[in-house]
Amino acid sequence: MSCLHDVQIKKIGEGTMNTGDTAFILVSAALVMLMTPGLALFYAGMVRSKNVLGTIMQSFILIGFISLEWILWGYSMAFGPDKLGMIGGLEWFGLNGVGLEPHTVYATTIPHQLFMIYQCMFAVITPALITGAFAERMRFGPFLVFSLLWATFVYNPLAHWIWGGGWLSSLGALDFAGGVAVHLSSGVAALACALILGKRRGYQTEELKPHNLPMTLLGAGILWFGWFGFNAGSALAAGSLAGSAFVATHMAGTTGALAWIAIEWRMSGKATTLGAASGAIAGLATVTPAAGFVGPISASIIGLIAGCACYLGIMAKNKFRYDDSLDVVGIHGVGGVVGLLAVGVLASKAINSNGANGLFFGNPGQLGIQCIAIAATIVYTFVITFVLLKIVNKLLGLRVPEHEEISGLDLSQHDETAYTS
Amino acid sequence: MKKIEAIIKPFKLDDVKEALTSLGIKGMTVTEVKGFGRQRGHKEVYRGAEYQIDFVPKTKIEVVIDSESVADVVRVISEHARTGEIGDGKIFVFPVEEALRIRTGESGKDAF
Amino acid sequence: MSCLHDVQIKKIGEGTMNTGDTAFILVSAALVMLMTPGLALFYAGMVRSKNVLGTIMQSFILIGFISLEWILWGYSMAFGPDKLGMIGGLEWFGLNGVGLEPHTVYATTIPHQLFMIYQCMFAVITPALITGAFAERMRFGPFLVFSLLWATFVYNPLAHWIWGGGWLSSLGALDFAGGVAVHLSSGVAALACALILGKRRGYQTEELKPHNLPMTLLGAGILWFGWFGFNAGSALAAGSLAGSAFVATHMAGTTGALAWIAIEWRMSGKATTLGAASGAIAGLATVTPAAGFVGPISASIIGLIAGCACYLGIMAKNKFRYDDSLDVVGIHGVGGVVGLLAVGVLASKAINSNGANGLFFGNPGQLGIQCIAIAATIVYTFVITFVLLKIVNKLLGLRVPEHEEISGLDLSQHDETAYTS
Amino acid sequence: MSCLHDVQIKKIGEGTMNTGDTAFILVSAALVMLMTPGLALFYAGMVRSKNVLGTIMQSFILIGFISLEWILWGYSMAFGPDKLGMIGGLEWFGLNGVGLEPHTVYATTIPHQLFMIYQCMFAVITPALITGAFAERMRFGPFLVFSLLWATFVYNPLAHWIWGGGWLSSLGALDFAGGVAVHLSSGVAALACALILGKRRGYQTEELKPHNLPMTLLGAGILWFGWFGFNAGSALAAGSLAGSAFVATHMAGTTGALAWIAIEWRMSGKATTLGAASGAIAGLATVTPAAGFVGPISASIIGLIAGCACYLGIMAKNKFRYDDSLDVVGIHGVGGVVGLLAVGVLASKAINSNGANGLFFGNPGQLGIQCIAIAATIVYTFVITFVLLKIVNKLLGLRVPEHEEISGLDLSQHDETAYTS
Amino acid sequence: MKKIEAIIKPFKLDDVKEALTSLGIKGMTVTEVKGFGRQRGHKEVYRGAEYQIDFVPKTKIEVVIDSESVADVVRVISEHARTGEIGDGKIFVFPVEEALRIRTGESGKDAF
Amino acid sequence: MKKIEAIIKPFKLDDVKEALTSLGIKGMTVTEVKGFGRQRGHKEVYRGAEYQIDFVPKTKIEVVIDSESVADVVRVISEHARTGEIGDGKIFVFPVEEALRIRTGESGKDAF
């Protein structure tokens, strides 16, 4: 999805379908869809058993909820006709005019609707990522309202800025598959959520431990698998750029996991399996904006840095004592920043001629542009998220009452029990 | 010697354990149980059908102590397990005839 | 797979392989294969823990059992040379003549064997769907015998009627990816099974609750993922029809889940996670016959109706008091009917020129044809299934004795225990 | 990946990218990656609950660890410029010269780096397979060291011999997707491990039973799914060979499962779900070297033989009383031998013109060549594995002390507990 | 006061609970246990090897009552837990010295 | 009649069960419990934070026997459950007033 304006110049008017590209994006869309159930498991394994269904549900239902929002107004706001670089118009409301012919700018060799649904999966998983911040304590109804508002007023504009022909892309900011709109935005939103919702009962006094780590590891495996659709698929064609992004993605996941357990081993004497999973996700998240602009060695370095930086990000939480329950800030927020910076440093036109060179390849300006993208994303996301949360809290109340927190989300929000015999 | 058996709310276990430790109690045995009582259970829904679940998760603590300590232990448990709401649980006291530490063969008060 | 006769006229003689199409169907076949393990988990999470392995096994072993049937005689009966519109001949027994060249009618741009194995996955999952009806009480051996007979005498003819050049397709009945042969047939067969096997011990007196809902949610996620191969793959080419079917599939799953939890919320005050999963499956099943004939908004409406109709379908069970244990009738039976009707109403040649228009697009006749297809499928399936069950019951005995039902299928049928420590 | 030398002659100089082929190998690489988490679950379900994380970790971390080895020196050793038929040179260290253009010999229609990363996934899963042999008793650090050495000194040379232009391929040995380097090598290495590490505490006196068979079945389902990428993907193009390999793979999994439960049924009166899963994996492993050389009926026969042979392989363990904990020898070792022999008997040029005919198709010599490949693989793998284990044991100590074995790997190696409430 | 401890077949729990409730019993505590006895366990097969599992899942019910009710409670439990087949379980009666409701501090008969 | 309650290390259960069977004991009831005592628990790490887990998995065996057998049973359990290391557990003896076999209604010694 990178550099649509360069692409624009070259490809306008082409628009011939390619079966290989179409096959690849069909499958990639399915892969990215699967990431949300994967994330549900990744998160659900880390909560206590009384909250497992509530946690799964917060991801699962967004597949439905945000997809509907997306075909109604989301896609139009993000990718529809640009208005002043800030937002897409509502001309494409209800997919009006979004047909089966390739679009002339976005993904010119696959059906336009396929590009739309592929993007839909990104819109779905982003608010799902945030749910890790308020795990185990948010009311279900208000959660839905907040997610809808957030998707509309945070995700859609950010996606437009960077991928829909908005001002960040005009500026030349590079984000291959979701540093701005997906990872950094969800990480920053997570911080706002953690601050406004407050700590879980028992935070730092009781043992709030994962109830089922194999479930988390399964989720991590599914996420890794789906990430190939996320990053390689963002090449939007089955060619060498996809291959390159695939390799970069895999290597960063790899070195992220290794870096994380290496630090752990030094710090506490043991490597944990949750550390390996967390490091892999950190590497994968961090390389996301860079995947199509860097080679395998650069990607490996990005993963290494990601593993270290996100580990420190998580330690920060223990220090500042906000309860970002499942570490969205530490992983996606820190990862988003590091990844967007890494593009500014390590991007190379030798890998992607539609991209740009970074600092190490003689173009320090790119790093400046990336910093602007980071700053804009942080400020915009934090402010809007904060306001939305305050409003929803005022009107509906975000947090479950204490006795419901004690009995758990599964019973209190859904009248269900996860495990019986 | 007596055995104190307390049925408490699970999230009170840590409090009670700390309090007993402060009292000098060196050991106890804990079991996850399901309680039925005045505290009603909850409703569950499965595919549109509603179920009333009568049982509530509880934690049972068993401590064997010498007879003199009974009053203290009962008091400490009941203070630390109390929330004042229904379902706080019960404490029962049973006679114990003998106690033995397997590792050393010590018996009586020396066993615990 | 729709409308093979139209396609026939156009494509005969073409038969040039396309790597994009082939790539897509290779992956789609793998995706549909994965649905059966997904279904195994979806079902197994809903039974009691003493029956979890027995339930998984009833799906898992059919991958083996029905695949073998398929290459021996199933594919030939379903897709082999047509005999009077009723059945395929046995000329292709043991895949005789089913080679690596594209077939001239079916899927003309991919290897014929690939089309065959893709269809195999459909043949596998259909009897696996039925197993939900007799969960927790059927003997393993007789189950195998019944499944083999059912695949042979119900699935193969139905698949021939609608996809193999049989009378339903000649009539113009439309079924994109499995309303007739997969969902309606399994739903109707499920009713026969529930009636003949009788209720589980404790039905409506004891709590026969799901033992592991996260497992069911994982299964639902895998099913959703695989469904893209099922429906989009049924375009048999990586082009705009596949894109359109993909979008329709996703949207119906989406609105199915939302409709279901909305009703629940109104009726019992809470949205359940099982409701979200059930609604998604209801939407996906219902849109299956329609996926390649309708646009995204129509598909969203189909999902909404599906969520409501299938919810009511399940309520019906509680009223009529047959023990369709995991709600195959309510979801796949009702969904199959609704989906086939929806094609008659919402199909549009603008989406698929090889299809037809439905009622809303000026062609009321299509609805009549769809009704014939529904009626024929219901009557044929119910009668044959009933007879097969009676025979197997007479000869072998379908139901486990009471003490085996109490100790559970895992121990009594497989000498195994699912969970130990 | 078969017969690269034949291919070489034909394809040198071509090197035009094909989007369909690229799409297929991108997805195949993702599928093979997923097999390692699948394997982690398959194995972890079979251990006791105190070892589940340790077991998952032994697979999961190899994704990271071996991938890094692979891009640094592994790929170069296996596929780099041939040195005397024995090993690839280090010219491609750090992917030096491994670019985005297709290679002129390997996979000439996809990016070279994509071929490299696809192969990476094979290099990852092979040492992960071995971990089943020493489950529940190996120290984590020494395990990492051993795996790295094994990948370097056993996997890389073997992969070179058979796929990288080494002496086995020059000799004409056929191995479509991993009989030599993956299954036989891991099976033989497993035997060495079982012998050197010794039995688990309680072996054949206590009940060392699977703690979570549904987890194992889920793992088996994921493995089966991924295997389509493993075997069909090894055609390296989305054409009829991939279709044929797909069908062969599926049928062998199928008949493997059926054969295994049939024997069980006769022997102990019941068919087990673990038996069905084990048989499927046996069939899939066994057909791996043959998948692209045999037709569907031959593949079905291979699966049948595999189910029987591997069942006996496992019985052998009970007799010879070595503790190959999760039966790597019985399944992958026996399966590897049977599969490589099967190629010598059942291969047919009618299926793959770049292959050869086997005994049944008039070419008895092929069987002799296959025997040489088997013998060489067994001897080389056993000797080197034995030596590596001895060295690592001497320097670091392979086995956990007794009290750590009692408390379990999760606590003793990783300071974690898999399940809490 | 006495404690009645009954080891029964798990699927009889609901019956017994209902029956005790009808008798006016207000509370009880239930534990999942494994029983070893005349009722043999079962065979399991793992990769071709057979295992004999000696333990059978059972449910333990504990009710503390006043001494007069013992005969009634024992009778009611044994009637409703009986299937007539081996493994129906046992009922044991233990002396209790003291009982306390944590929430209110009530003791003796008033505690339950 | 007496009830022997033994808290032992889980992996000793099979040994103890065999030994008791050899002694002629026909039945027993087993519960998974968590023990707190001199044997310290273990450290766990979760996302960089360390937790001290105080409870150790233990197995509780309950056997009701006639009063004469007490010494034998206690001796056999303590011999077979002993490893000599801390945490081997305890044996407690309680008075039992009545015992009943549900299936037959037999009571006293005949019940077990």
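Every chain is named by a letter (A, B, C, D, E and F) in the order it is written, and numbering of its residues begins at 1.
The definition used in the following text is that a contact is a pair of C-beta atoms (placed from the backbone, for glycine too) under 8 Å apart; a residue touches a chain by one contact, two chains touch by 3 or more.
Model, not experiment: these values are computed from the prediction.
Using the contact threshold fixed earlier, the set of chains in contact with both chain A and chain B is C, F. Touch-path distance (fewest steps) from chain A to chain F is 1.
Counting the residue numbers that touch the partner chain, chain E and chain F have less than half of them in common. Chain pair with the larger contact count among B-C and B-F is B-F, by C-beta pairs in contact. The interface of A-B is repeated, with over half of its contact pairs matching by residue number, by D-F among D-E, D-F or A-F.
Computed from the mean C-alpha positions, the centre of chain B lies at a distance of 52 Å from the centre of chain D. The distance from the centre of chain A to the centre of chain C, each centre being the mean of the chain's C-alpha atoms, comes to 34 Å. One inter-chain figure worth recording: chain C and chain E are separated by 46 Å, centre to centre, where each centre is the mean of the chain's CA atoms.
Taken residue by residue, chain C touches two or more other chains at 18-21, 23-24, 27, 209-210, 218, 238, 268, 270, 272, 274, 415-417, 421, whereas all remaining positions touch fewer. For chain E, the set of residues that touch two or more other chains comprises 31-32, 44-46, 50, 53, 94-95. Chains that are in contact with each other form these pairs: A-B, A-C, A-D, A-F, B-C, B-E, B-F, C-D, C-E, D-E, D-F, E-F.
Every residue of chain E that touches chain B in the complex is listed here, in rising order: 3, 17, 26-31, 64, 94-103, 105, 111-112.
Contact residues on chain F toward chain A in their complex (touch as defined above): 44-51, 53. Interface of chain C with chain B (complex): residues 207, 209-210, 264, 267-268, 270, 272, 274-275, 278, 311, 314-315, 318, 327. Residues of chain E that touch chain F in their complex: 2, 6-8, 31-38, 54-55, 58, 60, 70, 74, 77-78, 81-95. Of all residues in chain D, only 18-21, 23-24, 27, 31, 48-49, 209-214, 217-218, 220-222, 224-225, 228-229, 232, 237-244, 246-247, 250-251, 253-258, 261, 268-274, 276-277, 280, 295-297, 300, 351 touch chain C in the complex they form.
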